[in-house]
Structure formats: C-alpha cells, structure tokens
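Pasting the structures here.
Below, subunit A partners subunit B and then partners subunit C, in two separate complexes.
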Partner chain A sequence: MRPTDELTAAERRELIASMRPEDAEGVPALGELDVPAALREQIETAMARYPQLRSAAIPALWAVQRHYGWCTPQGVREAAAVMGVTPAYLEAVATFYDLIATSPIGRHRILVCHNISCWMNGADELLGAFCDAAGADRDDADQHGASSADGEFFVKGFECLGACDIAPMASIDQRYYGPLEAADAVAAIEALRDGEEPLSDKALALRPAAGGPDPSATERAPDAEGHDA
Partner chain B sequence: MSAERSKVTLVVDGVEVTADDGAMLVDAAKEGDVEIPVFCYEPKLGGPVGACRMCLVEIEGIPKLQTACSTPVRDGMVVYTRTDRVIESQSAVVEFLLVNHPLDCPVCDKGGECPLQDIAMGWGPGRSRMTEPKRHFRKPMPLSPLVRIDRERCILCYRCVRFSQDVAEDEQLQLLERGASSHVGTFDDHPYIAPFHGNIIELCPVGALTAEAYRFRARPWDIEDSGSVCTLCPSQCNVMFTVRDEHVQRVLARDNDDVDAGWLCDKGRFGFQMITSEERIVEPRVGGSRAGWEAALDAVAERLRSAGERTAAIVGGQTSNEEGYLIQRLLRGALGSANITSVDELEAGLARRLAAPELGAAVPDLDAAESILVVGTDPLNSIPILDLRIRRAIRQGRARLVVASERPTALDGGAEETARYAPGDAAGFLAALAAELGNRRQAGAGTPGRAADEVPGDGSDWAEGARRIAGELRPGKTVIVYGERLGRGPGGDSALASLLECARALDLATAGAGVIGVPEGANGRGLREVGCLPGAGPGFAEAPAGRGLDRIKQGLLDGELDAVVLVHADPIRNLPDGPGWAEALRRARTVIAVSAFDDASTETADIVFPAESYAEKEGTVTHPDGRLQRLRPAVPHPGNVHPIWQVLAELGARLGHETGIGSVPEAVATIAAEVPFYAGITPEEIGGRGVRWQERPAASAVAELAAVPPEQRTSRTNLDRDDSGTLTADRLRLGTYPALWADEITDRNVALRFLAPAQTVELAPSDGERLGLASGDEVEVRSNGTGVRARVALNERMRPGAVFLIEATAAENANALPAELNVEVIKP
Partner chain C sequence: MPETRVLFRDIDAPGLATIQGYRDRGGYGALKRALHELEPDELLSSLEDSGLRGRGGAGFSMGKKGSFLPRGEMEKYLCCNADESEPGAFKDRELMQKNPHQLIEGCAIASLAVGATYAFVFIRGEYWEIADILDRAVGEAYDAGYLGADILDTGVRVELIVHRGAGAYICGEETALLDALEGKRGNPRLKPPFPAIQGLYGGPTLINNVETLSNVPHIVNNGADWFKGFGSEQSTGTKVVSVSGCVQRPGNYEIELGIPSREIIYGLAGGPPKGRRVKAWFPGGSSAPVLTEADLDLPYTFEDLAKAGSMLGSGSIIVADDTISIPELALRTARFYHHESCGKCTPCREGTNWTTKMLDRVVRGEATPMDLEIIAGVQEKIIGHCLCVLGDSMAMPVGSMVAKFRDEFEATIEAAREAGHGALDHSPLDRPLTTGAQAA
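Let's turn to the complex of A and B:
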C-alpha cells in the first residue's frame, strides 16, 4: 500500500475501491478454515488451562510458530478462529513479543545475549562468530535479528536473558548455553547442520545444578519464602 | 435516572467546589472553573485508564502527583493544579508527546480544533530539547475507505483502540508492536471496516485519524455547527452538522446519554453526501416534466378531489410528526378517507396497548436492567446504537442478555441464552414464552399454571427455548427490545399480544423495566402517535377503520382505490411483495410521491414533490422510547424544495380543509392539543435534549392507554400454520431481514456505496451439505416461479430448515419474491 498523498486521484479511487467490507478481519469462522488438527488441539488444550480465554493467546501463538516456523497470517487466523478472537488481537500480542516471529525466520533460533554482563565478557565477538558461521548479516542480527540465506538459522542479539552467571551466553532453540567462545559458535552451527545436539557440555539444563543428569545431585527444596536456598 | 448521588466538598486551587461523591477529580474541578488537561480520559470509553499522565495534579497529603482523571474526589480533599511541580510535570508530558509529533499543523485537518494544539499552547513548555530524528511512517494511509491514518501524528493515547475493543467490540483495531515502534493498525493491513468505526475520527485527540470526506474541506473558523437529530434510522442519534457555505460537510455526535451515549453509526456519520447529491429531486414534477409549485399543487388538489375517499396514503419512516399529522389530516379531514398508514403499521388496539406509558422503557433503563430480552430484531441492523448500548450493559456486568430471533443476531455472542425459531413462527414462540412466564409467575404465587409445552401447535422446541429464555428473565427488572416487525404477517397480532402477555407476566409496568419497540422507519413511533394508523387518529383516538398496507395494495389492484400518496415511501423496494406493489402503483389512477430521489415507486408517480433532506427539515420526531426530539434546519433548501408540512397544509387548504397551521410551532401546538399524551408540549420544552412524553405530567392523562382487558388471552387461532409452513427435507422456509447497509441511503452516498451488500442467502451448514452448497456458491432462491440470485453463506448459528435473504437490496431484492414461506435453493 502506498501513502494516498503519493497517488493520483484515479489511483486513490482504485485503492479505496480495492478495500472491500469482506476484507475486514472479524473473528474468522472456524468452519471456513482448515485448521490442522494437531494445532487446534494444542490451542484448545491451552484454552482449557486458563479461566480467562485470552490468557491462552501466547501459548496459541507459540503453537502456531512451532507448527509453521513463524506466525504466518494464515496461522494467526487459524488460532484466532479456534479461540474465537480477532486475528488483530493476536497480532497485537504477537508483535509485542520478540520471541514471537511475525515474519519468516530461520529454522534454528540463536539468541546471543549482548547485555552488560555478556557484553563485558565478549558478547560482540560471540554474536559475530555465530553470524559468520551461520551466514547471517551481523548488523541486522544486532538490531532486529537476521536469518541465514539457507533458512536454517536465525541469529539475534538479545537483551539480558537472566543467565549472567554463564556470560557470555546464548539461547539456541530455547536452551541456554554458556559461557561460550567463538569456537563454540562454529561447533554449535555445525552440530545443528548435522542434526545433532549442540554443545551438550555447555548446556545449562544439563548441568547438575539445574537438575541435569548427575546422579549425585540432590534436589533442593525452596525455603519458607519460596527462594532457592 | 440514577439515584441522587451524595455530594462532597473539596478545594481546588483555593476554590471550594461541591461535586458528586465518586466523581473523578478532573470533572469535579470543572465545577470550580478549573480545567485540568487530559488526553486519554474519555468517559464514553469506559473507566479511566490513566495512560497519558497529562492530568497530574498535587493533592495535599499524597506525596506523589496523582492523575486527576482516575482519582475519585473525597470530602475535604485539597487539590492544586498549578504548583511548580504540576507545571513541571505538565510541560514534561507535553514535551514528551511532541518528541515524535510532526507538528504539521498547517496541513493538518485537526488544526484549530486540536486538543494537542490547545494543550501544547496552554500547558506546554513552548520549546523542545529534542534534536534527534522523529519517528517516520508512510502517510497518510487509508485505514478504511472512509478513514485515513497518519501514524506520525498519533500520540498513542489508545482511544481509538479502546473504542474498537471496549465499545464496538469489533477488535479489529489494535496497537501493534511495542515501545518506540508502537503504532495503531489492523491485522495484516486489512481495512478496518465496521459499522461504527467512524467514531474513532472524533475520538482522536490529534489529526492522526481523519475523515476521507472532510479532509481539507474546511477549517474550524470557516464552519458553523448546527445541532439536530439523525433520522436515518430509529436510533435518532443526536448530531451536530458541520456547515460550511450552506453545505453539510461533516456530521459529529452531539452526545446525549439518554439517546446515543455519544456515538454515531457510520450511516449517520457519513450519510450526508446525499443532501447535496446531483441526483436529488429539487423541483415538483407533473407527468414527468418540471412544474412550478402552483401548477403542481393545483394538479394534486384536482386529482385528490376527484379521488376523495378512494385515496390512500403511505407514510415512510423519515417523515416528521408534523408531516405525519398533516397528511393524516389531509386524508381524514379533507378527503374523508381512513386509508392512512405508515410502514410501521400495527393493529390499532395493540399499538395503543404497546404504547402504554408505564410499560415503556427508556433507553437508559437498559443500563440498569438485570436482564434484557432482544426478540424479533437484530439491533445492529435495525437500531444500531442500541447494539452498542446493550453491549455496554453486558460488559458492565449488570445485565444478562437473552436473544430470541429467527435469524442469528450480532448480539448472540454476549447472550446467556439464544432461542432460534423458524421464520414465521414468532407467534408460536412468543405464545410459548408467555405461557412459560405466566406459569412461573403463578408457581411463584403458589398456583400451578399451564406449562409452555401445553401450547397448541408442534412447538415442542418452542417450549424448550421458551424455558431457557424465561429462566434468565428477572421479573420487574427486565427490558424487552422487540422488533415491531413481529406484528407483520398473519400471526403478527397474536405475536404482539403474546409479547404483551410476557410483559405482564414479568411485571414490566414498573420503573426501570419495560419494553422498547424497534420500528422499521426512523419515526415509526411518532407517526403512529400522530395518527398515521388505520383505525386510530392522533393520540390513538378511535377513528373509522381504514385500509392497512396490504389492503391498500389490494384496493389499488382491484380498482377500489383511485389515488395513493407516498410520503417518503418506496413500497416497491421496501415492502414485502415488491412486484405486487409495482403492479398496484401502475394500476392506480393517481400516484403522488414525495421523494428526494427517483426510485421505482416515483417512476409510477403522476406528480412528484421534492422531499426535504433531514438536514433541511424543521419539526419533531418521536424516538422509539417516547422521547420527542427536535429537528432543526442546518442548511437551506436546494432548488425549489419547499417544507413538506407547508405543502401538505397548503394542499388541505386547496381542498377546502383549512388547518390554520402556518408554522412548525403551530403544527406542534395543534398536535399537542390533539394527542392527549403530548398535551402542552412545545418546541422549547423539547429543546436540544428531547423529552420523553411518559415522563411529563400529561402522560397520566392517558392511563386508559394501559387499561388492558384483564387476562385477555392470546388468540391462538392464527397460530395454526397452513401446510405450506411445514418443514420438509427439500423445502426450506424463507425469512427476510433488513441489513444495515441495504437501503437507499447507502446507494445515495458515494462514500458508503462500497458497503451495499450483494444478495446473500444464509443457510445452516447442515442444509448446505444436504444441498451440496458451499459458502460463495452462486445460487437462485426460487419460490412460485420467481427467483432471486444470491451468493451462499453458510452460518453455523442458523436454524436448520431456514434460509435468509436481505430485504431492499438495490438488485436481487428479497422483496421481489412473492410473500411465500417456502423456497427452493437451486444451483443454476
């Protein structure tokens, strides 16, 4: 769409005539859409979990993203139909969050923290290494995120992911890894390309302290105030 | 309406102020003539949100500055609005709002009437420290064919988005993205098209949302405001015409909480272009050629004199009370004919009983009702502003809504229960509901009554629906919004009689409860009250029985009637059996039409008088809840258009019936003298806000209106449907409905034309499957050899066995089908 001031009167009339009442996006009729059964089930499960239907917006969008790789307009419309809300409502939620993609992104998502702790520990080099290994544009990655041309990777500089103790760190497909060096970036990308688990030795979730597979690990009970001891 | 609130006293900037307890500080301060600047505060949108921080003030005893828009007053509060701290925060907020604002006032439509300009001047620092580049958006973009958006000017106050979410509940308009990228938009850049979306233009405190039709047309110092009432539908919203050089350039809301709660629908807001349309009839015409008034009046007088009592008149909904009164007087007084009716014809006795003052609910009663029953109408199509009103009542959690209708309504989603009866079965359903409610009432009083399923007929599902509906209705605390079209057709009288029975069983003749009838025509109620009803004169006075619509048509066909006068009425397009009307008008010896535009009915007319537009008219109309409202002329008459009341009075005089009415106030006085429940009313008393006649002392003079024969049971006789009404597998029952945009107003306003619906046939998905039809298929809906082409729309909320077509579309009009219940849907 072009700004109307750049159009001739005839073009403007044409543009306006192209906007049809049926193009307005109200709540889509579920019967008119072919929502994939698995997607529908995930969304309905999420809806059942909350007293307020709208609380399921994020899980629903997440399910769409898992299903289509990103929140495609069609996917958002399907989720809206299942939830009985307008796609616009879901789009407002989706565009608010960085982790919900409303344009196509690479298959593996690598978020490199570049906030203060990680930055002091070499985040810029790490981000650069990930970009180079994946084939993503460095400048873009630092701003809005960048995908590799082959569509395999999406790399984005991110704000503090709350894991400063393992700075510099990155989140790869929803898992935290750190501390990382440039060489780890190359290894991680290679592993992902080969369809393997990346950097298992640096995965936060696999550490004993995180309840990882260390037989000697004992579970720590939260104290009376609910803090971890 | 609301109980008197207790008062509190506070001090604002040293001035003692008395205000309602619970009022927000910003409103209370006005009582002391103190203005606190606001951006996001707009009570019409619901509770305050405190989003913009423009209204910060200092309150003694509270360390931090407080938002005056969301702080309720307390007794003894001491408030300062001009301390250094407050001034500093105000100028900081203004500076912040202007950080990204383009300040393109010289080319901005809002310039001169812009709250941002005013507040920046009044409370801003005067200078900005910002040297960074501002946000840039491509602009202006069409948000819809009627509204353009300039996102650079937007100050992110959320008003438009709140309107879409919380008032219209269409939720198409959203705030997308976050932080510095936030902007107002829609899903995937789809247009925002919804029946009330024009309100966002008026809500926007800056020039971010502008009206396509008003862009660059005028500056505030070029224009005059002229208050009147929109008579494009029965909502009768209060409007303010923006007039420049004697042309209406814009229509704004003139907030009247008792009528419209400050909103307009898009028809009312953008439907003014027809006033200056080139296609308007602006001169009298005799036999197809232009004529002067003298010649035209002589011609009409002569023809009517010879037709005499063999004359009939049909009065359309846009007609004012004065015009309606004069036309009935012309017929009854000058011609001795009793054949006068409006398009909102009801049986006279029922009309009288339904108008009973203690039974009538006022629009604001919807706000406080505990339950609302919408029956036989879809407010969105027939009285749009009540759709918003009912939504608000539900949203505020006070009312439970139940909907009983043949066709799905826009309000179904918010309803606790819905019952869907088949087209033509309203009488059966309402009888079941009345029986169920009566039964419940008697059970409450200890006497067992009849159960709903004892109602004769095959209405087992009526009984079930009636039970569900009745279970939600609170005696004495219910408002029923019913479509007066329930009174149409063979079962019509019985349907309305049952409705009255429901009202009685629910004790609705109490304050805060009652019924509101939704007429088809904007002034349907007023026209009946001033005597445009066969068998009832002004004030429902007994009058000789006359022909109603069907018998007028028949009389014209049989040659028993010679002449028909159409006052703002186009029966061929708007009444059932259009072809029958076309034939009747063709056969009539004389057709006289008062019309603003050429249409199928004026084509048959021998003499055409040009009609005034509503912006030119002076007079009164009566809202469906009994509120008399004043129409005031905003612009002069174009061409050779004369006030219709004058034309009718003059005609009477030529026919030897002097009315003595020489002005609109005199007409009002005459009506007030004849309609007992309007007694003494004057234009001054009606004023700018209107007055409900039920709330005036004169209403008590008509207690007999309410005197309903005790326990007059509904006559069940015409409940027995003829066999054509039985539902069988391959026969579908046809219902028709008036769609919001299927009317002449849409066609006559260039800007609205895109909304005119193409004929659509709605079916339940199960019927679609059985007939092998999918949404979007082109089909023909046939009945008795006549067909209408339509596109299929399967609708899950439709009742199986029923199909619906739209009335009064410009092409493929459902009214072109014979008045037949059974149809076939065929794929050509």
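Let's turn to the complex of A and C:
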C-alpha cells in the first residue's frame, strides 16, 4: 500500500469508505456466513491447540490466505466469525505481518532477500532478474512487492530471510533456494510456468553443513536419486 | 583449527531428523534421566552451574533465568524463540532442520525444570519448510510418549506446539513474541514485569533460544563440569557461529568459545576472496557495532567482544571486504531496522526512519559533513530510550560505522558532490556558504 500522504483526495475518500463498514462491524454471526467447511475446520483445529483461542489469530489468517490466495475481506470476516472476534481485530493483526497479504498478489510468491550478506553477493541484480523474467515492476518489487500482469507471480525484495550462507537467495513458494545467479531466476520462472518444481538442485534442504572435522563431509553428494521407485 | 561438534555432531547423517535416528545416537536418554533421577531444582542448578549463557543475543545465564520463575501451582509456560530474523543469523535454521529432536528434548527437559505444562516453539513464518520438519518430529515425539498428558507414564504433562509467525523481526524480541503468540500485533511490552514473572497469558514464562535449549540434553547427559570443559571461564561450551558476507566458505561452524576470531573468519570460512582484505566485520549479527581488521585476533567470547566495544550477540559474523562501501553498508543496515521497527516508541520509529533518509542522502551525494554529526547524534538519542532494543540495534552499528569510517563517509559525500550529483549545489541554502568559500 502507498503512503496515505501520496494519495489524491479522491483515492483517500475511496480508501476511507472501503474501511468503514468493517471498522463498524461487530462479531459476524457464523450462521449468516457460508464459511467453506475446510477453512472452518482448519481454524477450529488451530483454536483447539492453544490454551487461549486468540492465539489462533495468525494460524487462522494463514488458513484464509491458503484458501483464497490472499486475506480477502470476506475471508477475514469468515475467520472472525469462526473465532468469535471482530474482523477489525484480525485485520489489525494481518496488517502487522509481512507475509500476510491484504491485497491480491500473484500465485507464486518469490521473496528475494536484499539484506546485508545477500546484497554483498549480488541480491539487487538477482531481484532485477526475477522481475524481468516474471514481468514484475522492479522498483515496486523492492519496496512493497509487485505482481506480474498475468497474476502468476509476486516478486518482493525481502528483509533478511535467515539464509545468508546461500547468498544471494530467494524463497519460492515457501522453499529456500541458493546461491542463485540471474540465469537461475529465468529457469525458475520457466519451471513454475510449466508447473514443475524450480531449481531442485539448489534447494536449501539438500545442502550439507559448511565445515566439519571431516572435510570430505562437505563433498558428500546428497543421495536424492535412485530411491524413487 | 577444526570445529568442535556437540550440537552439530553427525549433523548430516541420514535419518538424524527422525526419532529412530536420534534415539540410535542416545537421543531422549537425557529426558529419561531428568524424569527419573533428577528433581527440577537439581536440573536448574545443573544448568546454572554449567555456565550456559543464552545463545539468542543477550547472553544471560539460562539456569538463572529459569530460577526466576516462581514455584508453586500455577500455569507456567516455556517459549522457544525460533524467530531467527537478524541479518547474519541462520544457525537455528540448520539446527531445527537437521536435528529437530535435540530441540524437542531440550524443550521437554526445560519444561520439567521450571514446571511448565505448555511449551511453544515460535518459528518465523519464512521458515515454512523447517516448521514442517519440526511438526513432523513433534508428532513422532508425541507418538513415542515423550510429549503429551502423561509423558513416559510418569504423570507429568508437557504439551509442545509449533507456532508459525507471519513475518516480523520484532517478534524475536521476547515480549513482542509473547504478544504475537497471544494473537496480537507483535509489539514489545514494558519491562518489568519480566516474562519470568508475568509472561504468556499473564503466567510465568521462560523464553530461550533454539541453540540454548538444544544444549540442555547434552548438559543433563554429561554434567555441568563437562560443559565447562569447553570454552572460557565466562563463556562456557561450544557455539554455532554463522559466518557470511565476503567469505569463501559461508556457513555454520560449531566452535569452542575463545578461539581467535581470525580462525573462524579465515581458518573455517576461508576469508574474503583472494586479493581482498577484511575491512569491517559484525561479530554478532547486524546489531553489533562493527570491528575492523585490527580486531581479528580477539578471542571469540562474550567478554572479549564486549571489552572491544561490540558484542557476541547471536554469534553471527558478517564480513565486509575492501570492495564494500561502508556508507552503503550503513544504509542497508539502517533500512532493515526502519522496515522492522514496530512503531510503538517514537525514538525508534522516527530515528530509524530519519537515519535511513540521511544515509540515503550521503550515498546519493546530497549530504554535507555536518549531516554526519546529526546522524551520530540521532543514534545517541535512540539508545536506551525505547521499550526494546530494536532501535539500539540500528544505532550501535550505524554509530560505530560513522565513528570508525568517518573519512570514508566524508570522501563519499565529497566525491558525489564533485561528480555533480549533489542537490545542495542547486539549493538556495548553500549559497552563502559558496560565497564565503569564494571570498576566502
């Protein structure tokens, strides 16, 4: 979302009008909403896990996001109805967190770390390569994230993802890959378009620890192949 | 110098992440011992005797922290802080990915020690695939009776819940973590009361980092004296150090505390690429004041780094070599904290914002040397003036960069101005100055 002081008067009025109904709303009645059964079950399961049910706020928002692709106002109302809280309460939580989308975003989510270690190893170029390959706006991607026109991709320059050992790196649909080069960005976007897993040879999950008393440990190849069938 | 692997022993062995693989290496033996042979007070005093200091950043004695929780019949909680989000830190990720049961056993034992019935692992939402691994391992531990309403038929109850965050660095701050876990926006709380007295849901709560808790089974198995056999007098044990930035072999290395920092950066991580030199390094994540090439022989301990004016923090070393511009490094650092400031306290919210804007001006050639005084002054006004240390965490490294690399900041300003990028040349404000210079 843009800073509000950059909005025109008309945009500001529209924004305020869009917020009013939810702000004024109390706890929605569960019976009046047609909450998808799978969504309701996920939220209720989360509520039952905690000693206090409000702890399920973030799990509930995750469930809404999985179900609808982003936290739609309708989805948030449904979660609020299931939890017995106001939609405004959940919205306040949703807008605090970087991974919860409160506006529509592309289907595949690509987060490119642009923090210190990744920056020193070429993160800005990598982010640019992902934007070019996916067709997302470069400047927007670095600020608040940008989606491609076809709705397939969402690319965002992200604060430290906790994988400086594989710098520069990216999180693609919640999996980590690195170290990456510009060509990898192109390959990843192509794989995603084809419905395949991207960059399987660069997945963090396969990477051995860096050092060790036995130097050959770092040379050991992951035994990923040969155990399929 | 080789690594000293305790937490990282057999780290890449196939099957270590499964309960069978973990048990084959003696796993869950410490939990049995803690259940059958030791009283909670003995557990706590053993942890305190070991000298184990928190591995999340503050370095406070774990056993002492546990002993602050009141005794008696009330609902108490354990929170494992797995919200690792500070630039440079990635050790907890590998510990959880490859040896999740070590952490689960540590959580169970720590829960016994303080009498907690609910334990939570608060893991950052970005670590989704790691959280899946933890969830699977927790399921195995429940099935095997190491967690649940009646663990190993002793009548003791410990529930463990993996809670996924949703992307906010501030949730690694312990009181913000509690608010986030309670289902609120992750804003820090005023302390005191400290979480040990009034934490999650208002109950006494012990909060420890992943690596700290992963050490617990080893201390229970081998004793406090064994643990003290590693490291220095005030920094006992081993430490998983994350090394990244301009080094040839970035990664996690488990070392004995007290080895020279040079051994870690050059010996283990391979140092900067050939022909380049270390210019600046963060010894403890991006929140630590930077050190320089002259400090490379410091022993890597809590106390030696504090004496040198920096800190060991979470044990994350970021190396910048001589190709890196320090003003740009300062800008990257400040931008992170600006983005992550929760906005609750004015000095942090405004200080991180204005520091970022001013550093941006330095890099773009729109600043004057006087702005460096203002940047330094802003940092001083943030430190100690907020509910939590997020603002301080920007102020300390940025302040140290301006102080130690002032020449480079001034040269950057001057070079950008001469190149004609300086907006000040077109500003009415600098006209009297220009005239003054011409007159002289």
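Just so we're on the same page, the second predicted complex is superposed on the first by the 182 of 229 C-alpha atoms of A that agree within 3 Å, B and C clash if a C-alpha of one lies under 4 Å from a C-alpha of the other, contacts with A are read in each partner's own complex, and residues count from 1 in each chain.
What we mean here is this: contacts are C-beta pairs under 8 Å (C-beta built on N, C-alpha and C of every residue); 3 or more make two chains touch, one makes a residue touch a chain.
This one's a predicted model, so the numbers in the text were calculated from it and none came from an experiment.
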Subunit B versus subunit C as contact partner of A:A92, first or second or both or neither: both
First, second, both or neither for A:I100, with subunit B first and subunit C second: second
Which superposed partner A:Y177 touches (first subunit B, second subunit C, both, neither): neither
Which superposed partner A:A163 touches (first subunit B, second subunit C, both, neither): second
Touching partner for A:F153 - first (subunit B), second (subunit C), both, neither: neither
Which superposed partner A:I16 touches (first subunit B, second subunit C, both, neither): first
Contacts of A:T4 with subunit B and subunit C, given as first, second, both or neither: first
Contacts of A:E32 with subunit B and subunit C, given as first, second, both or neither: first
Touch count on subunit A, higher of subunit B and subunit C: C
Contacts of A:P73 with subunit B and subunit C, given as first, second, both or neither: first
Subunit B and subunit C footprints on subunit A, overlapping residues: 92, 96
Touching residues (chain side subunit B, partner subunit A) in the complex: 138-142, 144-145, 148, 170-178, 186-194, 212, 754-755, 757, 765, 775, 794, 796
Residue ranges of subunit C in contact with subunit A within the complex: 2-3, 5, 8, 11-12, 14, 75, 84-90, 92-94, 97-98, 118, 124-129, 161, 163-169, 180-186, 201, 242-246, 249-253, 268-269, 286, 316, 318, 320, 324, 329, 332-333, 336, 339-340, 342
Of subunit A, residues touching subunit C in the complex: 49-52, 54-59, 61-62, 92-93, 96-100, 111, 115-117, 119-121, 158-167, 171, 174-176, 204-205, 208-213, 217, 220, 223
Subunit A residues touching subunit B - in the complex, by the definition given at the top: 1-5, 15-17, 19-21, 23-26, 29, 31-32, 73, 76-77, 85-92, 95-96
